[in-house]
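Chain nomenclature is as follows: A, B, C, D and E, assigned in order of appearance, with residue numbering initiated at 1 for each chain independently.
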Amino acid sequence: MPTSTVFTLIKQLLTKKATNPFPVKYTPGNMHAAASLIESGKLSINPPVDIPPNFRGKLSYDVESCIGCKLCLKVCPSEALAFKPDEKKVKHYVSRCTFCGQCVNICPKDCFVLTDEFLMAGLDNYSDELVLNP
Amino acid sequence: MKLTKTFDKALWVFHVNSGSCNGCDIEIVAALTPRYDVERFGIKLVGSPRHADVLLFTGPVTRKMKDRVLRVIEQTPDPKVVMVVGNCGSTTGVFYDSYAIDGPIDTLLPEGTPIVYVTGCPTRPENLINGVKEAWLFLEKLRGDDK
Amino acid sequence: MSDKDTTYQVPIGPIHPALKEPFMINFRLDGETIVDADPHPGMNHRGIEFMGMHRNPLKVIPLAERICGICSIVHQHMFTTAVEHAAGIEPTNRARYIRTIMAELERIHSHVLWAGVAAHEIGFDTHLHFTWKIREKVMDLLEFITGNRVNYAMWTVGGVRRDITKDMYPKIEDTLTYYESLYTKLEDIFLGDPSIRLRTKDIGILTKEEALRLCGVGPTVRASGVKKDVRIDQPYAAYGDLELDYIIPSKFGYENTGDVFSKTLVRLKEVVQSIDLIRQCVDQMPDEDIDSEPKKAVLLNKLKKADGEGIGRLEAPRGEAFHYVRLKEGREELDNWKVRASTYNNLATYAPMFMGEQIADIPIIAACIDPCIGCMDRAVVVDVSTGQKTDYDHEDLHKLSVEKTKRMLGGSL
Amino acid sequence: MKKSKLPMSMDQIESYFKDNLKDSIRDFKKEEIKKGLKQRPMKLIWFTVDRKSFRRAVKLLSKIQIPHLSVTSGSDIGDHVELIYHFAVNYGYRGDEVSVSIKVHLPKDDLTIPTITDMVPGAITTEREKQEFLGITVKGIPDSRRLWLDEDFPKDRYPWRWDETGMEKMSRYVHDMDEAANTPTVKNLRTRGDDDE
Amino acid sequence: MNAQDWLIRILFILVIPFVGIFFGLLYKGFDRKITAMMQSRIGPPLRQPFRDIRKLFMKENIVPDHAVEWIFHASPIFALLAPLVALVYLPIGPFEPLMEGFGDLILILYLLAIPAVAMAIGGLASGSPYATVGAQRELVLMMSYEFPLAIAAVTIAWKFESFSLAAISSTSVWSLVGPLGALGLLLITLGLFAVLPGELSKAPFDQAEAETELAGGLFVEYSGRNLGVFYLSEAVKMVVVGALLIALLFPQNISQWYSFGGPHVAGFALFNLAADVLFFLLKLLIIIFLGVSVVRVALARFQIDKASYFYWVPMTLLGLLGTVLVVLEGAI
């Protein structure tokens, strides 16, 4: 039997684990109960692994400053942006986005900003949070 | 389909890559490894759809895979939950206009199958865990435990 | 179960735990011994080249990145190089250096990942956990530089989109020393562990002659002693300025046998080489702009007017990757785009490697070329206009359920 | 046929081919792209060869060194299909590798090309691919089964062709219900289980 | 034996399956947790196997169309029943075996072979090519590890001149041998520990259900309740094999070394009994830790021919050498 492996394993058995216990260490008995506890501040969740500065998360869109130049549509690789002709603004589907940030670079008015938000999961891929400027 | 409390605490996962780019797939494997370790929630990757409770789909469905995907869905015993990881599985994402793609996975599922969408391209492993949390919340709602 | 000739067929894939990607190999077995292997690719075809021919180059960059999520740098790098070649745009030298650093960081992540997957294939999950645990460090660095763990969105035609500034150097150096400190352990595990040696030595042998004739690429053929490495042979990006040498087993006192063991050796040694290359790049990095054309609207116009063809060749972690791009004047979209990933060439090397081995060796041999099916299968097409029936209603589903088991016998899961 | 010792320079390769192939070789182009601070060049050679001399060209190339075939790319340009065989020779020598891209033009009414798998066994994958994607018949190919495409795929459709045998329509997935209603090939993503064509 | 004794015995026989299942699952949880910890992970909670079982029992039970249905359903039951019956013949800590006879060691060896055979038959009955290959492997492996196991058992039985486990576990075998014999016994112990992962189908001898090779192998077509029963059978087998090892090699009770009060004081007798039971559980835990968990994480899966070779040649030779040493010492 490979002895060095066994030694490493025994060492790992006793030392601190590499796991980041996000959001909780084990499955809570009832998630709803846990969620309400978290909301009332009685239970704290372990934070996820730190995200770096300039993280490419969910896009935020500033409707006011958009001038409707359609440049972002030219570089969006997945048609996550749709033009609304009557408004002269764009609509953004987060569930279609590739988070490449090319629209951020090309926008002359800096309407788009990549935020830090990445915890997006749910039962509806067209929920209100996932469609910007619907 | 009867759901008990233990169901959400012992989710066995079968992973189907139906034409994804591997990005989400490696993040799924990363979620199993020490940094994220989803086994602490009782989640286990299994080798056969017969053993699975959760079907984890990544990628849009390519034409050649459609038949197999349907077969996997139907081989999985009830009750089951479907998790769609990544944007291309939920809305075809960047592969929106190829005719090699048979659409996102949710169009193939039988009516009433619970689906959890995990948004991201690819998603971080934490978001996957977040997706599992959403699944728990949903399952609790299904059996009326959401007080 | 057995025919008269005592052989029987077992299809592996397309959905199989040994293969994280859809791919199918039909095996003809005699007992536990493989007598024939017939790969059936194409499950992962998404028609990417076709999609690319209907989009403008800037839209194609994120698409090229999503050919494969493990080698996401490879395809965007080669695509942009090919477009630059075709349109006559020069990237700045600083961009070349940053591209090189990124490519080498990805090589580290890819090889460490491969080592873990290989350990998993031979049933050694402990080392899967160990390698993936140490892989997180370079993932953190990549995320720190680019803002995402997997898809980096760093490349653009004419340069890169994010800079590696001086204040990032300590973090890079920190990561490199981390890998250096752990390297002996990694080597000890994968080259020294007797139970791993038992599973990798003399398994899946590819001779030098076969490797050359079948046009294999990357670590797969370097393990057989073939000196083929695009980084050295035909330098791209900043590799012309750097000191590097072919990694073949005989350089380290091993035989160039071309079995799984030497492939592991080559990959591990390349991690050390990458660390060295990144250090060289950081030392020599010129002070320049990172992008020769920061105004993307202008760039799009320029690309529309461009006319010509270009190629990009690159040594991906898995071997040579190749892109051919043709631009036509007045056409915004690409006129032609051909992607060739490493696995495409290495597919042919499966046949000699599988012959005469056991079922138990299928996963490790399948994994030893580091297959990247997403890369290989980029193009598929199925006609919609003929209106073939591909939808299943409930009746069909029921019929499927009746037939499925019959198919299970002859077909696969 | 005489050839110099490895590695051969670009000029040597040029004269080697021009001496041996004479008139059947056209549009010879040499390129050197200088990269990096040290301006190390990347060497490329492009030339077009007649179909009947194509096998001879590959044979000549394999006399230099076992050629590395990167891939064959092909495109439909009007009345003919252009195939480009991207070879590489001089590998194993630092900075000396030359990409030799041999172009062959095939007229649309006779889309055949002889196989080179006897000289370069690794070409089988790419030859099979060209058969199904461009509708070319490779004469003498040892395995002519389809590789990438489904068996159900119509036999007379070739995705990389721009003419009538190419692909006309493709389904596109959008979120907007109105757009989906107006265009037949466009599919809406928002109605589940409604996947009619 | 009077009627009251029989009543108590029947009561115990009814209770012992549940005890066996409970501890089987507990040790399985322990094994998973400790494995995860050795891999630098947190791992599942100890009660995870209980949750898995409850979940599996509520899942849909799919029978493949081409399966032989009654065999498909019967084989998990047999796989579970055999180790449960074996448990009745095994001494548990301070308790004598509930049933005994002259050849119960032989009986147990056969009972331990039944789950493997049942699994193989179930795999063959399910008709999937993966399960077929898995079944072949299981049978090959079974034939391989039975030999070193039998050698060890026979040697120890020879020393006691009895195949009765009650007799064997009444005295420690180590006290019957001198230094040479102790060396022989040590070799036999090593052989038995090597058999442990094979008997329990754990890595590196999990070829029959190798996930990456055969996608679950034998169990590929099993789902729901049937899979759950196999899961239980595996867990109980762990306890049975562990208890057999204890009975053969380490039957000492902790109360032999110290005892509070005398056997006449009822309270202390109860305390000693509890201490013995706990000591037995601890011994089991150590055996599982050394024989299953550590081996599982420190070795790669062998190819089937190499696994077979491992048992047939080095382990058999080791066992025979041990036997020779033990016999030789007896002869001198």
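The criterion applied here is as follows: contacts are C-beta pairs under 8 Å (C-beta built on N, C-alpha and C of every residue); 3 or more make two chains touch, one makes a residue touch a chain.
Given the structure is predicted, the values throughout are model-derived calculations rather than measurements.
**Student:** Could you tell me which chains are in contact with chain D and with chain E alike?
**Tutor:** For chain D paired with chain E, the chains in contact with each are A, B, C, in label order.
**Student:** Can you compute the centre-to-centre distance for chain C and chain E, using the mean CA position of each chain? Integer Å is fine.
**Tutor:** Chain C and chain E have C-alpha centres separated by 45 Å.
**Student:** Between chain B and chain E, what is the separation of their C-alpha centroids in Å?
**Tutor:** 36
**Student:** Rounded to the nearest whole Å, what is the centre-to-centre distance of chain A and chain B, using the mean of the C-alpha atoms as each centre?
**Tutor:** The computed centroid separation for chain A versus chain B comes out at 18 Å.
**Student:** Report the inter-centroid distance (CA atoms only) between chain A and chain C in whole Å.
**Tutor:** So the centre of chain A lies 27 Å away from the centre of chain C.
**Student:** Any chance you could list the residues of chain D touching two or more other chains?
**Tutor:** Each of 150, 167, 169-171, 174-175, 195 in chain D touches at least two other chains.
**Student:** Which residues belonging to chain A are in contact with no fewer than two other chains?
**Tutor:** Touching at least two other chains: 2, 5, 9, 17-19, 21, 25-26, 49, 77-79, 93, 96, 98-99.
**Student:** What residues in chain B touch two or more of the other chains?
**Tutor:** 9, 33-35, 37, 40-42, 47-48, 63-64, 75, 91-94, 96-99, 101-102, 108, 121, 124
**Student:** So which chains end up touching which?
**Tutor:** A-B, A-C, A-D, A-E, B-C, B-D, B-E, C-D, C-E
**Student:** What does chain C use to touch chain B in their complex?
**Tutor:** Touch list, chain C to chain B: 14-15, 17, 20-22, 42-48, 50-51, 54, 62-63, 66-70, 72, 113, 116, 128-129, 132-133, 136, 139, 149-151, 372, 374, 379-384, 390, 392, 394, 397, 400-401, 404, 413.
**Student:** Can you check the complex and tell me which residues of chain E touch chain A?
**Tutor:** 34, 37-42, 45, 294-295, 297-299
**Student:** Which stretch or stretches of chain D touch chain B in the complex?
**Tutor:** Of all residues in chain D, those touching chain B are 150, 167, 169-175, 187, 189, 192-195.
**Student:** Which residues of chain A touch chain C in the complex?
**Tutor:** Interface residues on the chain A side: 2, 4-5, 8-9, 18, 49, 51-52, 54-56, 71, 74-78, 98-102, 105-106, 114.
**Student:** Help me check something: in the complex, which residues belonging to chain D touch chain C?
**Tutor:** 33, 35-40, 42-44, 66, 68-71, 73-75, 84, 86, 88, 90-99, 101, 120-126, 133, 147-150, 152-154, 157, 159-160, 167-171, 185, 195-197
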